[in-house]
Structure formats: C-alpha cells, structure tokens
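Across the two complexes that follow, chain A remains constant while its partner is chain B and subsequently chain C.
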Partner chain A sequence: MVENKKTKNLKEFSTSADRFEGANLLCPGCAHSIIVREVLNATNDDLILSAATGCLEVCTAVYPYTSWDASWIHIGFENAATAVAGAEAMYKALKRKNRLLQPERVPKFVAFGGDGASYDIGFQWISGAFERGHDMMYVVLDNEVYANTGGQRSSSTPIGASATTSPAGRVSYGEKKEKKDMMAIMAAHGSPYVAQVSPSKWKDMVKKIQRGLNTEGPTFINAVSACTTEWKFAPEDTIAIADLAVDSLVFPLYEIIDGHELNITYRPKNVIPVKEYLAAQGRFKHLFKPEFKHILDEWQVRVDKKWEQLQRREEARI
Partner chain B sequence: MNKGWNEFDAGAILFTFNEKVGNISEIHSEDRPYSPSSSFTASVSDWRIEKPVFNKEYCIDCQFCWIYCPDVSIISRDKKMVGVDYDHCKGCGICVEVCPTNPKSLMMVAEGKDEEEVLAAWPQKDQEKNNG
Partner chain C sequence: MAEKMELRDVEVWDGNMAAAQALRQAQIDVVAAYPITPSTPIVENYANFLANGYIDGEFVMVESEHAAMSGCIGASAAGGRVSTATSSQGFALMVETLYQASGMRLPIVLNVVNRALASPLNVNGDHSDMYLGRDSGWIQICAFNAQDAYDLALCAFRIGEDHGIRLPVMVHQDGFMTSHTAMGVRTLTDDVAYNFVGEFKPFNAMLDFEKPVSYGVQTEEDWHFEHKARQHNDLMTKVHPKIKEVFADFKKLTGRTFNLVEGYHMEDAEVAVVAIGTAVKTAQVAVEKLRAEGVKAGVVGIRVLRPFPFNEIKAMIKNLKAVAAMDRSSPNGTVGALYNELAGVIVQMDKAPVMNNYVYGLGGRDITIAHFMAIFEDLKANAKAGKVQQPLQQFINVRGPKLSFLSQE
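Let's turn to the complex of A and B:
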C-alpha cells in the first residue's frame, strides 16, 4: 500500500492528482463524475476498475478516447461486478503462484454501475460476487432511472416520479412502486461494509470509501447521483439537490457493518420537509396538483417511518 | 480518426499514457505523458454558452469549487485555487453555486465576454446577505 491519503480537510484533499479526466461526454453538471472523482481521490493505491453500461461508461469510453487514468474494463451492462471479480481472482492466483510482475503494487478493485445495472439487470452478478466473497468494492451511481437510454423507470425509481415508462398524466401520478431497499439486500449478503453516501457530503463519503476499500471482502456503496437531465433541474443545482436529498432524509446517510451493526453517520441540523426536495425537481412537478396531494403526504410519512426504523436499528446494536 | 462503423475493432485496448508511469495518484496532469487516447487531450470548450470567470481577490481557497466540479476543471495546486481549465469546463455553473465568498470569487458570464472587463466590473459585497 502506498502512503495513506490525506483527507483531514478539503484543502489537504485538494492536493489530489485526479485519475479521471474531463472532456468526457457526461452532461454538464452530472453527478456521476463528482462521485467517481471522490471515490478515486479517496486513495493513493493503484486501482483496477470496471463500469457497467450506462451514462458513466458510455460517456467516458468513447472510442478512440478514454477518460480513465487507471486500469479500467467494460464488458456488458450486467457484469461490472463479475469483470472486477474476475480481475481480483486472477490477481490472487498470480500472487499465490508468485507470478505478479510488480508484487510491490497492491491494487484495489472497484466496480461502478448505475441503478438499472445494479438494482435490476446486473443484480444476480453482484449477488454472486458478494456471495463468493471477492475483495472488491461495488459503487452504485443511483440516479433512480435508466438515464442513458432516455429515462425508463428502474426498481430504484421512487413513487411518484415521472419516468418515460411510468409517465405522469391526467390519471397517473407516475411510478407506483416503492424504491427497492438495496442497502438492506446487500447487508443481508453478510457484506462486511455497506454504506449510503452523497457526493455533496464529501467528508462523510470519502471516509466511507476509505473504510470500504480498507475492509477485506466485498463492500457496497450506494451513492445518490442527482441527474440534471432526468430529475429535471438546472445543471448548477446538482450539489444543492443532493444536499436536499440528505437533509430531507430521503437519502439518509448511514452504514451497516458485518450485515447488522447500523450507524447513522449524518444527522441534519435542520430536517427539511420532503416536499421541498420534491418541489426542486421537474420529475415530481405533477405531485403538487391537488388531486395528488395524498401522494405527497404519503411521501413524508414513509420517510419519517424509515428514519425512525434506522434510529431504532442503530440503538439496538444488533 | 474517421473510421466507418464496420472498421472499428470488436474489442479495443486504449493506453492512457505514452510511456510507463509511476504512481499516477501522485503526478499532476502537467507532468503526465498523456497519449492521444486520453480525453485529457480533447476539448469540450464548444459546449459552453457561459463560462466561469475566477477573481482571485476574494478567494479563500476553500476548495469547494475543486471538489464539486464534475469535469476536473478547477485547477488547484498546493492547496490554492489557481484557475479554470477552459478546455474541459462544460460551463455547468456548479463552482459558482458552491463558492461561499461574498461577493463570489467565481461568476458565470457569456462565453464571448472579455475576462479583464468582467473582473473590472465585479459585483460588490452583497450587504443584505451579510446581515442575514
């Protein structure tokens, strides 16, 4: 391992030499790249990376260009976890046989995938990699929609969001299903470290990334990725929207250790009404019509209930 | 490289650097041997309608602009904000939004505007903001 990264404060952190490049084709203001930068900058270790098909992959590997300054592989939509798990297995085998070309370099293995690639289509591949226990980290860029193909709903899309396959209209308030609880599912795999992060809370996020990378075994990060194009807000507001997401407790920041020990890592000083978070995004605009008021009310009740549940789990220490 | 769709390789390996490099996490872009395959050598400056202009006078080097820029376009060296990389900046405006100084140390202006003129007409401190 190379010298540990200095991240005590932002000035120190800003001495990082980025391993991700601009002139990629992500939208102006896209949160995916803010997340990727915080993940890659969290360590000085060598990195072996993969990405599932989706905005991040499509926009950072446009032949003949790459935006990655570390080993990076893309195979298909569903198998980012498998690609990196394979690389990790090969690394271990070569090490065992004493055939590593540069044995002094000890890399970390990280896979990136969108919510579509992770919650839905690549789910069994992630589950398999976690069950086999590879020493890797899986990061979800959770923008709650299949953004790269034009905004179809995924199992991460929350109730009331208008997506192209669950559009809001005269009679419909949009998506009908609750967002899938991936955190609980990954904790149930017995993962040694599972955490939810927001790039707007950089210190909390970087700490969790470092903990995940330094924990042996398969670790999981769910990162809220505010999508200017599909959530419908102005590109300069990406960080403000991410802050609203965590301060309204729609995206609570917490971690689960060894599948059971839950810690809330950020408690907003002023909790913001869920309505304010929803009102800031075009995908929820229709919810403010009088006929859909019950959906708004249910949103707040659901978020309060989840927060209560997280606090109880934290207290119980089981 | 103008290739037809049927002339691309089915699978491809791209090399980011022209030569062997050490630990890249400790080498800043100006000292890296980028190959033409790195998007660092490309530009998206023609995406912008507005550009951020930096005014050093008010900057407190907090580095919020550095961490939240999606496009690695805030150049920070030795804990100091140095300026904007206009080859890679897409003009999203996040850096301006997160800049905490009063007046702001970054401002979005029309792409074609002259930087010297913008700096000369920089907004004054917003008194109302200060009084809460």
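Let's turn to the complex of A and C:
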C-alpha cells in the first residue's frame, strides 16, 4: 500500500502533521523538527520509526512523555539503522507466518540519525543495513556537528567551522578537514535512491521523501538541518539560512538513482556567493579576519568545483 | 510452513548443535547473528536448517555482534520471538546493547558459548564473558553439558517471554568443552518441544498500529532510578518462582530435573566446592572417589547465576565446615567474583563455613579430577582447623612457582 499525502499549500502542509507533536524540547527554530514533520507528513501509511541518540531523541521522548504518535524506538547512538532493520525483518517473518496483527496495513520503516550518528559512529551499521537491502529509509538530520553534546566536530563539519573540538583560535581557523561525501558513499552501496534535501525547499523535499518511501530497498536522505544553537544564528532565521545553503550551492539539491543516475533537482536562479552563507553564521565568523581570507577564497573554489562535478555526473549518468 | 525434522530419541550432538536444534524447535521469528568461535556452529547449523526448509523465520547475517543484538532489539520490540548466539569478543562488543535490551524489557534469548577475553587472544573456554554480563539485567542460566544446553534453551523462552517477567535470558555453555564435545542428547519431537515453549504472545509490539509505542526513552534523575529499581525488583522477586515453575513443567515433560542450584551429595557434606559449567561435572567425579574414601565431600553447581540464588545457596551450604569458590576468570586485582558472591551469603550465616578461592582454567586450561582431589585436601585441612590454612586465593595449574595471594598468616 502506498498512500502519499496530498497537500495543496505550505499552510496546509505545515499544520497537518499529526504523528509528530510540536510539544517537544528541541530549541525554538530547530530544523530537526521541521524535517521530521516533512517526512512524516509525506505519507498516510503506517510508520515504524527509529532515532539515534542525539538532539532529536533526547528532546522528543522524555519519560513519561512522547512526541511520537507512531511506533518509535531508540537503542543507542550508532544503531538506528539496525533497530529499524530488525523491526523490518520481524515484519517479514510475521507476514510469512500469518501472524501480523493488522495484516492489511503495510508500514514504512524510517530511521533518523544526526550526522554524528550517521557519518561517524553509526556508519558501519548503516553500511550493513544497506548492503543487506532492508526495505527502509534512512534520514540524516545533517547539522554538521554533535549538537546534543554541545557542538563537537563530526566528519560532516565543514572546513573552517569552529566547533568545540576544532575551535578557531589565534592560530587556527577551526575545522581542517573537508566534509565527508555521504551521498556518494551511499550511492556506491547501490542504494536505489539517494537524495539531498532542504526543509526550505519543501516541495522538492516531499517529492524525494515520497520517492524514497515508495522505492523498495534501502533509501537514503541527507537533509540539511540548520542548527540555531551551534551555527549561531537567530532562531527565526532557520529557513532563511537553509535557503542560503542551497542558493549558494553549498548544499546542492540532487538525487542519485540506482547508484548512477544523478539528477540536479534545483538550480538557483541567482546563485549567491558562498561568503554570504558563511557570513550569516557565527560558527564561521573568524573566517572574515584578514589572516583567514584564503580559507574563504578556497571555500568558493571548492563549492564551484563540486557543482561543476555534479553537472558533469548528471550528464554522464555514470 | 517450515518442515519438521525427524529426530532419534537420542542424538549425538555437541553443545552447539543442541542449542541450534532448540532454536529451530522454538520457531524463532528473527535471528540476527554474527559468527565467532566457539559459538559459530550455532549460527552455521541454523543457516543449514534454513537452507533445507526447516526454518520459516528471518535470518539476518549482520556485520557485527553489536549489530546482531541491535537487530534483535528492533525485532523483539516489533513483537516476536528473537534469539542469537555469541562468545567472548563478540559478547564484549554487544555489552552496550545488552543493557539496552534488558532496560526495554525485551525477552531475547542469547546463547553464550563462554570463551576467554583478549589480550592475549584466546579462543578457548573460560567465564570472562559470562562475568562481564553479570550486571546487565539479564537472566543468566548455565549449562554443564550439551543436554543442558538443549533443555535450558527451550526453558529460556518460556521464562523470559512470560508477561510477568519480560526479560532477556542468556544460556551459557563452556566453549569447546561443551560446545564441541558430542554426547548422547535426549531429544523432544518438534511438536512436543514447540508446545512446551508455546506460541509467542506479543506485548507492546511496535507492529500493533492501533497502539503505537515509544521504546528506549530518556529518563534523568527524575525517573531513571524508578525504572532500574523496578527491573531489579522483578529480577529479585519474580524470576526465581518463574524459573522453578518452568523447570517443574520441564521435569513433568521429560523427567529431567533442574534447580536454581544443583547440589551433589550436599545433604551431609562437610566440605564442598562451588563451581559453574563443565567443572561441576569434573568435581562430581572427584567427589565420588572421595566418598568411597569416606570423605563427606560435595559439589554446588550454580545453575542460575542471575538472579543469584542467595537463599538456596545459604540453605545448601549450612552444614559445611569448609567451602571453595571456583572462579574461571581472572579477577584482575581482587578475589574472584564467585568468591565475592558467596561471601555475601556466608556473612549472613549463623554458622558459616570457612571459604577460600581458586582461580582455574583460564583460556581453556584443564582442570582435572586430580586438581579437585588436591583442592579437597585443602578443604579438609581448613575444616579441621576452622580457619583457612592457605593463602585465601590460589591459582591452579598455571606455570611457574605456586601463585597465591592474600596470605592468612
């Protein structure tokens, strides 16, 4: 059973989430909750959900409360993919044995993890689940930092960002390593559907979520999740920052089908300079000192190069 | 439908085959597993059953033991019967998830084929992994041979899955000595075994869409303690009666008897050793010899390590004059864990036996009848003096000069 949710406009869309309560402890303006709502909003099908340890988990299921009106499990920091994979295996077993409680209802299995949970500590668990081909979707809430524990770097933290374990200082411009390319890595797993989304481009996002949910096998979504606390911008600017991320092409929106068919799904009419995106966030503030100008310049070059690459891959289809 | 397997009344099985057959007969819904010596054949045997049509559940070969238990947790929370097997390093890798499984009250059955922990790396049996699980909130039941491994695996589902219990269960057997040593195992037919285990009855199943549940929530100083206290309370008050009930039913069905603590010639014993696993059987042979010589010797075999049978042991050892705690894991800086457990019992006794501690069998090193004969010599001396006559802790059958600690002079 596939039942996409039909939504006419943003107002209807943003008010129709009935399976994820607004009553949660996430910071005001946290993009995690916007992303989760958009995922849950995309379908009318039953859902079995998991979350990795991180902001989403600690803020949405604090005993005796829960924000989740669909079955949900959190085991640990690294194993959200496997939690849902285990549940999916149980679904298959009970179906075969005619022991499902509501056999006419066919659920979707979705795991949520932060970039720390996904790019770093849980990478092996995701890789295993994708190699085995469970019918599930894995969604990364990518805020490029360990937000829940106070802003330490992850392998998703981009060059030049100041994180508490890679702080900018008198002689350091902050994080030294390039962000890990999870999209390419997950496509290389042979996943039938891999996509990068931004909650600010909600129509593009919903389309991709629906495609991910309705594709059999393990599908992967990397969602840019602007973090007001760690990126250091005002809480009311979350969507504006997400827009800067996609319009500067720092977070290009694209999908990869069956590991090779790459489609760019959004081409900004006016590409804005990367500098504007960086300048809007406190985590990059130090880059605007004269001694770190070269890092700023490199940023633009890197983003341009990546965009060029994506376009070539889109053409080449390999 | 899975095909049934015709079994002879007595099959020549090692402990791994015995455990695998019990899993097959229990009709597990999901097995998520990862191989490690010496428990690998449990997983391989199960894969073979699947390949030949004897299994209709899901078999998920994951990429690590941590993922094996994580998958078991997800599957169990979804609402069905779940089991897996591991040893040693695999067990150690699972430890984080063991606590998560028990805290979520998921009745997973884990077959642990006990093996030493590195370094140095070693594939043979000792109880280091079993001891590592002591505080994890699981029920721990110990097999002494392959027959036990079969019988107790069947009992484990009945115990853990009971709605009054809802706790995961480990069934331990000794690496190689039990897991790879064949013996005549009395079998149950597939139907009789499955009827004994019973249908799985879901409780708070994630797959019940009418009643969504949140598993693995956050609790801090406001609620964490209450959750842990309730789990401990259930372990302390509900599990032993349930185990006894299941053992009694099993006896009715098979004639085979299991107890929380297995006493051997303990009725009139004056000296005894307390042990776990295959050493219990070796000690029993030594005791036979001693009895023939007129020595009132006995053996206490720990069948259930968690919840610890405090009162049952107290009753069983009340007439002893001297007792030895046999630890098959390096205590690394103190007395053995079993010694400590027994000390907790003894300190509450009016007329306590004197107790000393032996560390034996690390990394698969043998313990023989002769070793037990020598241990009983110590115990006789201790009984006579009413005081431990040797250093409190002795390492036995290890190279070099006699290794002992905590001199009593």
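Odds and ends about this structure:
Going forward, the second predicted complex is superposed on the first by the 304 of 318 C-alpha atoms of A that agree within 3 Å, B and C clash if a C-alpha of one lies under 4 Å from a C-alpha of the other, contacts with A are read in each partner's own complex, and residues count from 1 in each chain.
The rule is simple: contacts are C-beta pairs under 8 Å (C-beta built on N, C-alpha and C of every residue); 3 or more make two chains touch, one makes a residue touch a chain.
Everything numeric in this text was worked out from a predicted model, so none of it was measured.
In the superposition on chain A, A:D69 makes contact with both chain B and chain C. Once chain A of one complex is fitted onto chain A of the other, the partner contacts of A:N44 are limited to chain B, with no touch recorded for chain C.
Once chain A of one complex is fitted onto chain A of the other, the partner contacts of A:G29 are limited to chain B, with no touch recorded for chain C.
In the overlay built on the shared chain, the residue A:V84 is in contact with chain C alone; chain B does not reach it. Residue contacts after overlaying the shared chain place A:Q102 against chain C, while chain B stays out of touching range. Residue contacts after overlaying the shared chain place A:I239 against chain B, while chain C stays out of touching range.
In the superposed model, A:Y138 lies in contact with neither chain B nor chain C.
Looking at the shared chain after the overlay, A:D18 reaches chain B, while chain C stays out of its contact range. Comparing the two complexes, residues 46, 61-64, 66, 68-70 of chain A contact chain B in one case and chain C in the other. By the touch rule above, chain A contacts chain C in their complex via residues 46, 48, 50, 57-58, 61-64, 66, 68-76, 78-79, 82-94, 96-97, 99-102, 105, 107, 124-125, 127-128, 131-132. Chain B makes touch with chain A in their complex at residues 1, 8, 12, 14, 16-17, 23-29, 32, 36-44, 47, 61-64, 66-73, 76-79, 85, 87-94, 96-98, 108. The touching residues of chain A, counted against chain B in their complex, run 2, 10-34, 37-38, 43-46, 60-70, 199-200, 202, 228, 234-240.
Against chain A, the residues of chain C that register as touching in their complex are 29-30, 32, 56-58, 60-64, 66-67, 70-80, 82, 96-97, 100, 202, 205-210, 212-220, 223, 227.
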